[in-house]
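For reference, the structure discussed in these notes is given below.
Order of writing sets the labels: A, B, C, D and E. Residues in every chain begin at 1.
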Amino acid sequence: MDILNALVALLNFVIIPASSYGAQLALGALGVTLIYGILRFSNFAHGDTMAFGTGVTILGTWGLQAMGVSIAPLPTALLALPFGIAVTALLVLGTDRAVYRFYRKKKSDPVILVMVSVGVMFIMNGITRFVIGVDEIQFDDGERFLISAKAFKEATGLAEGLSLRSTQVITVVTAVLVVWALFWFLNSTRTGKSMRAFSDNEDLALLSGINPERVVAVTWIIAAGLATIAGTLYGLDKSFKAFNYFQLLLPIFAAAIVGGLGNPLGAIAGGFIIAFSEVSVTYAFKKVAGYLGPEGWQPDSMLQLLGTEYKFAVSFAILIIVLLFKPTGLFKGKSV
Amino acid sequence: MIRVENLHKHFGGFRAVDGASLEIATGSITGLIGPNGAGKSTLFNVIAGVLKPTSGRVTMAGEDITGLAPHELFHKGLLRTFQIAHEFSSMTVRENLMMVPAGQSGETLWNAFFNRRKIRDEEQALLRKADEVLDFLTISHLRDERAGNLSGGQKKLLELGRTMMVDAKIVFLDEVGAGVNRTLLNTIGDAIVRLNRERGYTFCVIEHDMDFIGRLCDPVIVMAEGKVLAEGPAAHIMENEAVIEAYLGTGLKNKVKAGGAA
Amino acid sequence: MTQRNILMFAAVLGLVLFEGFTGGWNTALGILNMGLISAVLALGVNMQWGYAGLFNTGIVGFVALGGLAPVLIALPPTPGAFNAGGLGLILAFAVAAGAVALAVVINRRARGAVRLLALPVVMVAGFFAYRALFDPAVAAIEAINPSAAGNIGGLGLPILLAWPVGALFAAGAAWVIGKTALGLRSDYLAIATLGIGEIIVAVLKNEDWLARGVKNVNAIPRPVPYEVDLQSSPAFVERAASFGLDPVTASTIAVKLAYTGLFLAVLLALVWLSERALKSPWGRMMRAIRDNETAAAAMGKNVTRRHLQIFIIGSAVCGLAGAMLITLDGQMTPGSYNPLRFTFLVWVMVIVGGSGNNWGAVLGGMLIWYLWIKVEPWGHGLMGLITAGMADGSAIKAHLLESAAHMRLMTMGVILLLVLRFAPKGLLPEK
Amino acid sequence: EEIKLGISLGFTGPLETMAGPMALGAELAMKEVSDSGLLLDGSTIVPVRSDSTCVDSAAATAGVERLITTEKVKAIVGGMCSGEATASLQNVAMPNGIVMISPSATSPALSSLEDNGLFFRTSPSDARQGEVMADIILEKGIKSVAVTYTNNDYGKGLADSFEAAFKAKGGTVTVNAAHDDGKADYSAEVGALAAAGGDALVVAGYVDQGGSGIVRGAIDSGAFETFVFPDGMVGSALVEKFGAEIDGSFGQNPASGDEGRDIFLKLAEAAGFDGTSAYSAEAYDAAALMMLAMQAAGTSDAAVWKDKVMDVANAPGEKIQPGELAKALEIIKAGGDVDYVGGAAVELIGSGESAGSFREVAIEGGELKVIGYR
Amino acid sequence: MSFLDASGMTGGYGAADILHGCTLKVEKGQIAVIVGPNGAGKSTAMKAVFGMLRLRGGHVKLDGEDITALSPQERVAKGMGFVPQTHNVFPSMSVEENLEIGAFLRRDDFRPTIDMVYDLFPILRQKRRQPAGELSGGQRQQVAVGRALMTQPKLLMLDEPTAGVSPIVMDELFDRIIEVARTGISILMVEQNARQALEIADMGYVLVQGANRYTDTGAALMADPDVRRTFLGG
C-alpha cells in the first residue's frame, strides 16, 4: 500500500490536467453561451474568433517583447491582452454591422444565423491565417512551472512526480473570476438586465426604451473579450495554432450545451464535465492500483475502461446521458 | 363523462392544483371560473395530457385516462383549445383546419406515394368542411392567409374552428372569449349550444366573461387556489359570497359612480 | 416546378456546361456526379429539418454507416476470417443484445431494491461476458493477413445491393438513436446527434475487424466497367474513334456518364417520392408538427412517432448517399469522415437551397458542391490577380501567394454570405 | 512545348504546415529544368498546385481531376497522405493513364496496390522504418517502450510494423495506443501512456499535430523523459518547440546521408525556404524523376515515360545530385544513362518505392544531431 | 390641439393596406377606447401610432410635435408607453425584473412605483421572484400592464389589457386607469370588454376594416343601439 504515490499519480495525470482543460473549455463555452443567451444562435465562428484574438495578442506580445516590457514571472501575453481584446472587439463589431445585423432586422430563423456564422467562420479562418500564418507559435515567456515533476520528486522523495504549471493555475482562477463577473453583470447591472430582456423579447425590450444596437454591441464586445482571454490562456498553456482552435469548437459546444445554453454557471460545469469525462474514463488505473495493492504487485491489464481513441466518444456519451435526464442541460438552459 | 379525483399538480413547492375533485356530466356545458392563477389552465393541461399530475386520477366515461398522451386523448374524442393561441403559423388558415381530422388515409406515406385518388376524394370533403367552418367563424376571406398573420382574436377563432372539424365527445375551451368581439362571441355561444344539443358534445368552458358563462353554462364550477370553491347553477354561483369576494368583486358600476369619472 | 425553379436549375446546369466547355468534360462530370450525391444527402437532411424541424448534426455518422455497406456487401470474403471469429462475434452480439434486453425488462418491471441491485449486475455481467467473447474473436480476425486484410470481409455480392443496405444500416442506427434522443430539442438535439456522429466514426476508425479501420479499404468493386478495360476493348476504341475521341478520354467520360445515370436515377426517384409526400396530407401533418408540436399533439398527431419516422427516413437517405459515395470513390477511408465536410457543408446546402423545399435541397446540393470544388482555383486566381502588379520577390507578394490556399475557405465563406444576403430564405424558399 | 506538372498536396488541413516546403521543393526542381532549357528540345515546365486537404479524399480527387482533365498536366507530384493519395490514384490518375509520384505517402498498403505501373514514391514504406526503429532502440539498451501513434493509416501502419519488429527482436511494448490529431488536449492519452510505463515513448505522430501535444504533456507531467521520433516528428519544429527538454531522445527519418541532402538544403536556402522540413527533398526528387524520365523517353506522354522512371532512378549510370538536373538532361540527351540520387538518396525497389535509407538523429544540448545513416 | 393626434393613417404589413385613413385622437388626461370586430385593424392602428409600422399616408403628432418619422425607441423617450396584445412580458425574467425593465429609462427612484403596482395587483407581490413565463394567463397580463405603468408615460397605450383577467382584477384595472388619467396622463386602449371600457371612456372609436366607422363620446356610443348590436354584443 502506498496511498501517497497513488494520490500523487491521480492528481498529476487526472485531476490537475482535467481541471485546467475544463477551465479552458469553460472559458470558451462562456462566449458561446453568452451569444446564444442574448443573440439566440449558436456561433460557429467563436473558435476562429478565439484564434484571431490570440493571434492579435501574440502580435502585441511580440511588440512588447521588442520594447523590452515584461511582467515576469507572468507571461507578457497577459499584458498584451487588452490590445488583443480591443482589436477583436472591433472585428466582431464590424462583422455584426456587415453581416449579422441584416438577419436580425429580418428576424431570420436561428438556423440561418448559424449558417451565416459558418460563413463568418470561414472568413475569419482565412484572415487569421493570413495575418499570422498556419505555423505553431509558442509565446509563453513567463515562469512555466509552479511545481515541476522533477523538483517535486526530489523534494518529497516520492516515486511519482507532480507538476503544476502556472498557466494552469492562471486559467482556473481566471475562469472562476470571469464566470462570477459575468453572472453578476447579467443579473445585477442595468445593462446586464437589459441584455437579458432583449434576449427574451426583442420587441418588448424596444418598447421599454432599451437600445437594441447597444445591447448587441455590448454582447459582442464581451464575447470578443471572452474569446480572446480563452484563446490566449489556451495558447499559453499549449501553443498557438490556428487549426487547433477550430477543433476546440466541438468540445466547447459540448460544454456549453451540457451545462445548459445561456447560463454562465452551466458553461463552467459543462467544461469540467467534458474535461473530466475525457480524462478520467479513459484513464488506465494500472499504476494507481499497483500502488494501492500489496508491495511489488502490478496488475496485468491496464485497468482501463475504454481506450483513449474513444475519449471523445466517451465525453459525448456522457453528454447524451446527461441530456436524457436533463433535456436542456444541467442548469436548465435556453432553447430556441 | 369526465371525473377528476383529488388531483394535485405541484410546480416545485407550489401547489397549482391542490386536491381538486370535480365532475363534468355528459351532455352538459360546464363552466369553470376562478381568479387568475386559480389553477384552471393547469387542470386543463393535466386532463389533456400536457402535464403529468403529481397525484390523483382522471377518468373519462369510467375509463382511467390519467397521464395519457394528448394525441391518445384526441382519439378518445377529447379536444381542447389553448388559452394562448397555438396556431400552425406557417400554414394557411385552411390547412390549419384540414390537418385536424385523424385517420386521414393520406397521412400514411404509402398512400401519399401510391394512392392519390383516394386522397383526392378525402381532401375534397375536408376542404368543404373547412370552408363551412371558416364561413361560420366569419373569417373565410382569410382562408389562404398564413395563420401567423392573423389578428389576436382571429387566432382565437381558429382555435375554436379546429375543434369543429371533427366529431368530438368532449371539448375543453380555455378562454375562447378573451380577445374575441362580443357580438361574435354571442354567435359562438349559440354555436356551442347547437353543437351541444344537436351533436351531443359535452363542453367544459373556462371564461372570465360572466355574461357568457351565465348564458351558456350549467353547472358552473369555481376554483380558487387549486381547489374547488363552489359548484352549482350560474345564478347561484353569482350570488355566492365567497365567489364574489374571491373572483367577481362588487361590480364596476358602483365604483365608477363613486369615483365620479366622466 | 415554378419558373424560378427552372431558371435556377438552368443556371446550375449552365455552370456545369460551362465547366465542360472550358475545363473539360471529365471535370464537369466529376463535379456533377459528386453534386448529385450531395443533392441526395441534402434531400435527406431537408426531410429532417425542412419537414419536421429536427436539428440533426450527426449526418457524418449516417454517411459513414452507409459507406460501410459497400465494404460488407461487395468485398470478397476474407478467407478464414469467418471461421476464425465470425461465430464468436455473433455470439458476443447476441449476449450483448440479450443483456440490454434483460436490463430494459428489469428497468420496466422490477421496483425498488431489486431494480437497484439487478440492473448493475446484469449490465456489468453482460459487459464482461460480451468482452470475453468479443475480444478473442476480434483478435483472431485481425490476425489474418493484417497488412492487406485483417477484417471480417464482405459477402462478394453486387455492389448496387449495398445501396439499399447502406440505407438500412443508417435507418437501423437512426431507430436506436431516435428512440433515445428525439426527446431533445433544437441545439440540444444538434449536439447530441453531433456526438453520436462522432461516436459512429470513432467506431469505424478503431474497429479494424469491421472495415480495417484507419488502414482503409481499397479497390471496392464497381457497378460500372473500369476505364482500363474499356481502353483495351477494341469495340470501345472503335466507337470512341467514330466520335472523334481518343480512347482515354472516351473511357473516362463513359464511366462517369454511367455513374451519372445511376445517381440521377436514384435522385429523381427520391425527389419524386419526396414531392408526393410533401404535397400530401402527410406533408401537411409534418409541417404542422414542425410549426407547433403541442398543438399538433392536441390535434391527435403522434408527434414522437412521426419524428422517429422522419428521422429514420432522412437518415436512411443519408446512408444511401454514403453508400453511393463509397461506390464512386472505390475506397473507404474512415479518417476522411469529418463533420465539417459531411455535416456542416450539407447543412449549408440545405439552407442555401431553401429548407423545406425538395427542389431547393437538390439545387443547394449541386451548387454548393460546385463552389466547394471551384473556390480553390478561384482563390489562387484571385491572389494571382492581386499580386500581379507587385514586384517579383517582394515579401508581401510571397506572403500573399503563400496564403492563396487559405483563400479557398475564405472564398467559400464570402460566397455563402453573399447568397444568404440576397436570398435569406434560400434560393428556392419553401413558399 | 509547355509541359504542366501537377502538385497535389494538403495545403489546408491538418498538415498545412508541411505542404508549403514540399511544394516549394518540387517547384524548385521544375524551375531548374525550365531554366536549363534542355528538356525535350527546350520545353518549359509549369507547376500547377491543387489542394488535397490530406483528409478529404473527395476534395483531393476532384482537385487531381481538375489537374489532369482541365490543366492537362502530364504527371502529378502527390498525393501527400496515403489515403487521399490512393483515392486520387485509383479514381483519376489510373483511368487517365497519368503518373503520380508521391513524396510522402508511406503506408505499407501502397506497396501492393494495383497501379498499372503509374505510381511511385520517393519515400520508403513504413514497414521498413519499423524495423530500423526497433534496431536503433534496442541498440540503446532500451527494452521496454510505450507507443503512441496518430490515428491514420500512416500512424497505425508504422506502429504495427514497429511493434511486430520490436517484439520479434526481444523488446516489449507496454501499450500501443492511438491519438487523434487536432484535439485540444492530450491529458487523457498521456495519463494512459504513463500508467502503462516503459523506458521510452515512441511517438509515431506528426510534429505539428498531436505528436507534439503528447510530448508536451509527457514532459510536463514527468511521465517520460526519453522519446523516440520517427519521420513524422523529425523536423526543425521539434527542437524549436522542446529544445533541451528532450535531450537524450532520438529517432530516425527517411533521408540520405549522402552529400545530396546537404546540397539540397543549400539550394532550398538559396530559394528561401526550409529544406529540412519533412519530405521537402522527396518532393524535389519526385519532380526531378518525372522530368528525367520524360527526357529518357523523349516524350511527355506518360504512357511511354512511365517505364523509364525506374531506369533513371537506379543504377547503372552517372550519379545525379540535386542541382545537377541540367547535367542529367544533357547526359540522357546524349544517350547516356543516369542514376538519380537527389536529396533523398533515391533508389527505387519493388514496384517503385524508395528502398529507404534512414538518417539516425539524436537531440543533444537542444539541437538535432545527425548520428549516422543506415 | 389634441395631445395625441394620429390622422389619416394608411398602411399595412405587406403590399395590401390594413389601415385606410384611420384617425385617433386623445386629449390630455383623457381616456380613448377603440372597439371593433376582430381583424378590424385595432392592433395595427396601435402599432402605427407607436411607429412599429411604416405608414404610407397620414401623420402622428404628440403634444403638437410631428413624430411620424421617429423610431419606436425614440417615441418611448418622448413619453409613450405601450402594452402589446401578445408577447407582452419577458418570460425568463422574474416578475420584479419585468417591472424594473419597465423603468429602464427612468433615472429617479422607482421603488414607490413598484410598490404601487404590487398594491394594484397583489398576486404579483407574491410571485415577484417567479419567472413571468410560469405565470397564468391573467397574471401575465397583470405583469404586462404593470410594466407599462412603470415607465410613467405621458401617453399610455394598452392593447386589450383586460383579456383573460378575472372580473375583480378588471374592475381594479379600470379603476386604476381612471386614476392614472386623472394625473394628466392620456390613455389610448383597445378593448373587447367594450361596454365596461366605454363606460369610463371620454372618447370612443369604432374601427371597421381599418377605417373609423363611428366616433363619439363613450356614453354616446353606448347609447347607440346600432353600435351596441353590431359591435358590443347587444
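Quick note on the criterion: contacts are C-beta pairs under 8 Å (C-beta built on N, C-alpha and C of every residue); 3 or more make two chains touch, one makes a residue touch a chain.
Just so you know, these numbers come straight off a predicted model, no measurement behind them.
**Student:** Strictly by the touch rule at the top, which chains does chain C share as contacts with chain E?
**Tutor:** Both-contact set = A, B.
**Student:** Going chain by chain, each one touching the next, work out the least steps from chain A to chain B.
**Tutor:** 2
**Student:** Report the chain whose mean Cα position is at the greatest distance from that of chain E.
**Tutor:** D
**Student:** Which chain's mean C-alpha position is the greatest distance from chain B's?
**Tutor:** Measuring from the centre of chain B, the most distant chain centre belongs to D.
**Student:** In angstrom, rounded to a whole number, how far apart do the mean CA points of chain B and chain D lie?
**Tutor:** From the centre of chain B to the centre of chain D is 74 Å.
**Student:** What whole-Å value do you get for the distance between chain A and chain C if each is reduced to the mean of its CA atoms?
**Tutor:** Taking the mean C-alpha position of each chain, the two centres sit 31 Å apart.
**Student:** Just the number, please: Cα centre separation of chain A and chain E in whole Å.
**Tutor:** 46
**Student:** Mind checking the centre-to-centre distance between chain B and chain E? Centres are C-alpha means, answer in whole Å.
**Tutor:** 27
**Student:** Give me the residues of chain A that touch two or more other chains.
**Tutor:** Those would be 134, 307, 309, 312.
**Student:** Which residue numbers or ranges of chain E touch two or more of the other chains?
**Tutor:** As it turns out, chain E has no residue touching two or more other chains.
**Student:** Identify all positions of chain C at which a residue touches two or more other chains, and write them in rising order.
**Tutor:** 205-206, 406, 409
**Student:** Chain pairs that touch, all of them, please.
**Tutor:** A-C, A-D, A-E, B-C, B-E, C-D
**Student:** Could you pull out which chain C residues touch chain D in their complex?
**Tutor:** 22-27, 30-31, 34, 146-148, 205-206, 213-216, 218-219, 226-228, 231, 248, 251-252, 255, 325, 328-331, 333, 335-336, 338, 341, 372-373, 376-377, 380, 398, 402, 405-406, 408-409
**Student:** Within the complex, which stretch of chain C touches chain A?
**Tutor:** 49, 55, 180-181, 183-188, 190-192, 194-196, 198-199, 202-203, 205-206, 339, 344, 347-348, 351-352, 355, 403, 406-407, 409-410, 412-414, 416-417, 420-421, 424-425
**Student:** Any idea which chain C residues touch chain B in the complex?
**Tutor:** Touch list, chain C to chain B: 273, 276-277, 280-285, 287-288, 290-292, 294-303, 309, 430.
**Student:** Which residues, counting only chain B, touch chain C once they are in their complex?
**Tutor:** Checking each residue of chain B against chain C gives 48, 50, 69-71, 74-75, 79-80, 82, 86-91, 95-96, 98-100, 102, 104, 106-109, 111-113, 116, 119, 122-123, 162.
**Student:** Can you tell me which positions in chain D touch chain A when the two form their complex?
**Tutor:** Contact set of chain D toward chain A: 13-14, 16-17, 151, 175, 177-180, 182-185, 187-192, 194-197, 208, 212-213, 216-217, 220-223, 237, 240-241.
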